[in-house]
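Look at the two complexes coming up: chain A is in both, with chain B in one and chain C in the other.
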Partner chain A sequence: MRIVCPFCGERELGEFTYLGDAKPQRPAADASEDAVYDYVYLRDNIAGVMSEHWYHGGGCRSWLKITRNTLTHEISTVEPAAGAGAAKVGA
Partner chain B sequence: MAEFSWASRSPLEQALVTGVHGARGVEAGILLTEIRNFDLIQVMARRGKGAELAKAAKARFGMAAPDTPKAVQTKDATLIWSGPDQFLVLSKDGKYAMNTLAPAFSGLASLSDQSHARALISISGAKVRTMLAKLLSLDLHPAVFQVGAAAATSIDHTSVTLWRGADQTDGRAVFNLLVFATFAESLWHTTLDAGAEYGIDIRYSEELA
Partner chain C sequence: MAGVQANRLANGGLIDRLVSLNFRFDGKSFSGFQGDTLASALVANGVKLVGRSFKYHRPRGILTAGSEEPNALVELRSGARCEPNTKATTAELYEGLEAASQNRWPSLRHDLMAVNQLFAPIFVAGFYYKTFMWPAKFWEAIYEPAIRRAAGLGRAAGIADPDHYDKAWAHCDVLIAGSGPAGLAAALAAGRSGARVILCEEDFALGGRLLSDGGTIDGMPAAEWISRTLTELVALPDVRIMTRTTLFGVYDGGTYGALERVNDHLPSPPEHQVRQRLWRIVAKRCVVAAGAIERPIVFAGNDTPGVMMASAMRTYVARYAATPARRIALFTNNEDGWRTVETALGAGLQVAAVVDARPDVSPAHRSLASKGGFPVLNGSVSAVDGGKDGVSKISVSLTGGARAEVEADGLAVSGGWNPAVGLTSYHRGRPKWQDNIAAFVPDGAPPGMVAVGAANGAFTLGACLSQGFAAGAQAARDAGRSGKAGSVPVAADEAFSLTPLWHVAGKGKAFVDQQHDVTASDIELAQREGFESVEHLKRYTTLGMATDQGKTSNVAGLAIMAAVTGKSIPETGTTIYRPPYVPVAIGAFAGHHRDENFHATRLTPSHHWAAEQGAIFVDTGLWKRAQWYPRAGEKDWLESVTREVKAVRSGVGFCDVSTLGKIDVHGPDAGAFLDRVYINTFSNLAVGKARYGLMLREDGMVYDDGTTSRLAEEQYFLTTTTAKAGPVMQHLEFCRQVLFPELDVQLTSVSDQWAQFSIAGPKTRDLLREIVDPAEDLSNEGFPFMGAREVALRGGIKARLFRISFSGEMAFEISVPARHGDALVRNLMQAGAPFGVTPYGTEALSVMRIEKGHVAGPELSGTTTAADLGLGKMMSTKKDFVGRVMAGREALVAADRQVVVGIKPTDKASRLRSGAHVIPKSEIPGPGNDQGYVTSVCFSPTLDQWIGLGLVERGRERIGEIVHAHDPLRGEDYDVELCNPVFYDPDGGRQRG
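After this line comes the complex of A and B, so read on.
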């Protein structure tokens, strides 16, 4: 498997580490315990297209948001995660 | 309070033995040179200041700092891309040090002195690409990785900054590697193992290539 880093170009999988689902959003400070529990522990186990965070630690050290099909490993989009290349991406 | 006298030493001082390593009786296929006593400053744009930093850098260096994986040579420094909105300034004899660069990029970038935090290794020779192919997953074909190309990548799970310098006078390619000082010795041994079959001519130099 290879990932096309938006900053570095096509690189081998070994340069990247996987964080996981990019969907969970940190609940507000006054959110219920259930909402926090859900955010911290509960994950969907998706068979199909999934949005994920990957880290290009063996390269430019940018966080990436990747859309990957967990059945085929086909990667359809790669974009910098919010804050990656902070000055350029904004966010 | 104890008095300390800090003398800077190369992280490869123990590991580097000048002379020929590996295959004998052939012309060394690899020329491995450690460059010592350089100034290296990491410049990272502050949030939202990328464009302003680019402008300030152009004014300071007389040419634009690379915003893609490239290394550019100014009249007295090499500017090497190290990631989005960040680059390294490699120079010598204090031309670009923290005390001169920090005021120029005040408020636009965070600077970090890496002079003694990295080792700089220059690799050339007839077998250089064959040897590097054992260590790197990048395509170093002359048409793909041209003079001035740079990459942030890994060798043996160790992060390195790689760039292709100006060709030697005989037209042969030169590849430069910056590696974290504490990983330098490990990478050095890996390089020796990879190049032994071609014969390695080992040197060190105080001159930037």
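After this line comes the complex of A and C, so read on.
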């Protein structure tokens, strides 16, 4: 399997680390314990198309948001995380 | 005997008769020629018996001429290079080859284990499950060893493999599996179109079935066409031909696995060369031209030596000029089998009879029979006479009920052909049934792959060429190549007709899977016992589970199951196909990653100097770290470590701590970022100061610790533990990029850029003044505890100096660019000589941190909270940080948690060991009263006794309590006292002095 990193191009799977479901959003500082619990522990495990976090640790060290079909391993989109690269968001 | 090849034809064959090769089989000497396989050389020498079968130890001969061979498995080579279960049919002959038959005792011809045949009833389908069920303890003690001895295949060498294996990547537009007519045509079309082509062929010669069956292509003999084609392919700039290379698997995203047997055809690899190379090939398109495998017909005695696949028999005759028999019979249900008769007659062999299951034999073949003077019998072979010396006679059940007998010393069998559907089915593809050839053909394929020719069910030469050429041209276009493919090679289409026949009923054992000794009646038994599903059938009978993966047996097995269940073959279905297509040695997957090269080794900047000092090294992750520095006369490690600790506590010592993870945190929001990832605050840290920090996982457990220094307004220098250097970097990047992208901060790993040493002990300043520029103020006022700043060294190099202490002594850590690390350590030794400077290793480091009650890896276990470690007060209540909310959960703040506490044996002479469990005094140990355990221990030279840290329930409230240490692993029980974890200088005066 190979992943097209937006910064490095098409690279081999071994350079990447898988984290998992990219959908949960870290709750705001004033969120309830329940909301944080859900964020920390509740993960989707979809048989099909899923948005996932991957880390290009063997390359540019960018976190990537990858849309992957867990049944076929087909990757449809690869996007850098909001803060990947040099510029901060909104700068 | 060597030199006499009684069954070698005088002429013909693709062998080099000028190069005679001597070899030994079961200790007997023989000779063959360059271009032979071990199997063809054995055939040429009249050797029919080559092995004993798995369960029944029946005599077996050579069945095929390729990698589908179930029987002719040998132990090739000897000593450390001995390879069990090597197929004689693919092992190339070389001078001095040594091979031994397997699975026989004491000899192949007189195998005492053949008595297993008398016990055949216990070896029926499911015998593992039935026979050895009770009593359970008999399994390990008696049954399994007995089965292994009696029924094992070859023996492994039992000695480390002396050869090297390699792994490599390759990339191409069009990958082609197989170099038969379809594969070569595909390569021509793709190569001419300008595509980057890789053609893999498992054989050492190119041509596939053309090498055995010949034919006419573009008006010339096949051999000439192959030769011209190769000349053209070699001249193309981007066509790479890899022989002795098997494409064994297809993986996600157009990545393919191939095994190149680089030097298997030599006694041992030439110096500096590898035996095998594992390729990962990334291809935009893949054309599978892997051919088809001829399938047997199952009848009684079909495993007798001398019974051979019809196509294999003509391969031995035509390609190797070796005759498996003098007087052959053919049993066929299709047109293609007759080619063997044509080849045999052409080579001057006698044909005893053709048994054809089809009612209609073509007029051409009838006239061939009358010219050749042999009968054509309409019917089936129902029995074979013969034994270890081979076939002597065959019995035929004629259509209509009469019987006939045919005297022959070889029987060629053709039940039709099965396309090699493995590669196309490895992504859970299920092949579909095609009636006209009575075989499974690919039904789609993984993305980018297409099957052509015989692998796609097209069995004629003309179809192979045209399909292969069209697919090659299309693949090149799909890969973006637009060159002209030129004209397609042309050949006629042979006649093809087949009447399916799988199993001939009769008396005696009729084998479906010859490698695993699975018979037709085993399949019938499995069905009677309810194992009808193909996946159950496979596991219950072990059909197709041997090293050949049932290449010659699976479809026949399905057909017999279909017949007894009254279903069709497609209704019965196939099992899941899984790679690898042929066995691949674990050594090839490991490549160079074995022994000391199993993983990379990281050396500290002072490593070479430490090695010169005779340091003992310890592996910590990838690092080699100096554990202690023994001196002459010291009797054990404890004596050395004790000396090192005393030297630091009374004078000065240093230790390489470069293995700590180091991260440069830079940007206007650097402080705000650190506030979010640490439980304590860093934005208010003054420039020129260091602070100890603790970070949590989002679930509230402690993740890592370390000191972070503020070098400038917008620049921090963060350190991690050695073990977590990589994971913390990944975690911080996640925080920065995903959680807090609005922060303007950048992270750079600088772990390898800095050599860092801890210098500790009351004479630290004396030593530092010798190496630091005299203009730098190192006094307690000029460089107070937890100060951090850049200083100049004597000679001008800039260093970073941190006044931090892990040992509890007056201490600094000094960082220099890594390339100066070796010079610095030598300088420290020289400049420190007057002060008795002592290098110390990780053991002394650990002793001093335990004496000071500092937590480390054993306490940062992933199950402890900041409060458990006694660091709860560091948790800021004024800001949000990773792990804050979850750390407040009820169970994480419960009063009865196990917390860090000091532990020392009540008997000062007693040793303390980590892992011992803490039990209330005078209670009988059990899971109900287990209150924690000892995490870290050391012998403290300062206290002159063993001390330790532990995680103990309510430990901090119980200081002074005597409890019991229970160590069932080592059988030790002793009383210990819970105490303040800071054993040494609890006020911290020494490190501030």
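Throughout what follows, the second predicted complex is superposed on the first by the 87 of 91 C-alpha atoms of A that agree within 3 Å, B and C clash if a C-alpha of one lies under 4 Å from a C-alpha of the other, contacts with A are read in each partner's own complex, and residues count from 1 in each chain.
Assume a residue touches a chain if its C-beta (ideal position, glycine included) is under 8 Å from a C-beta of that chain, and two chains touch if they have at least 3 such contacts.
For clarity, every value in this text was computed on a predicted model and none was experimentally measured.
> Does the superposition put A:55 against chain B (first), chain C (second), both, or neither?
Only chain C is touched by A:55; chain B is not.
> Touching A:8, do we find chain B (first), chain C (second), both, or neither?
The answer is first: A:8 touches chain B but not chain C.
> Could you look at A:73 and tell me whether it touches chain B, chain C, both or neither (first, second, both, neither)?
second
> Which one hits more chain A residues, chain B or chain C?
Per-residue touch count on chain A favours C.
> Counting contacts the way the document defines them, which residues of chain A are shared by the two interfaces, the one with chain B and the one with chain C?
12, 57, 61-62, 80, 84, 86, 88-90
> Looking at the complex, which residues from chain B come into contact with chain A?
45-51, 53, 69, 82-85, 137, 151-154, 157, 159
> Would you mind writing out the residues of chain C in touch with chain A in their complex?
Checking each residue of chain C against chain A gives 169, 251-255, 282, 447, 669, 698-699, 726, 729-730, 733-734, 736-746, 880, 885-886, 888-889.
> Per the contact definition, I'd like the list of chain A residues that touch chain B in the complex.
7-9, 11-12, 14-15, 57-62, 80, 84-90
> If you look only at chain A, which of its residues touch chain C in the complex?
So the residues of chain A touching chain C come out as 1-2, 12, 17, 19, 26, 29, 31, 33, 36-37, 39-41, 53, 55, 57, 61-63, 73-75, 80-84, 86, 88-91.
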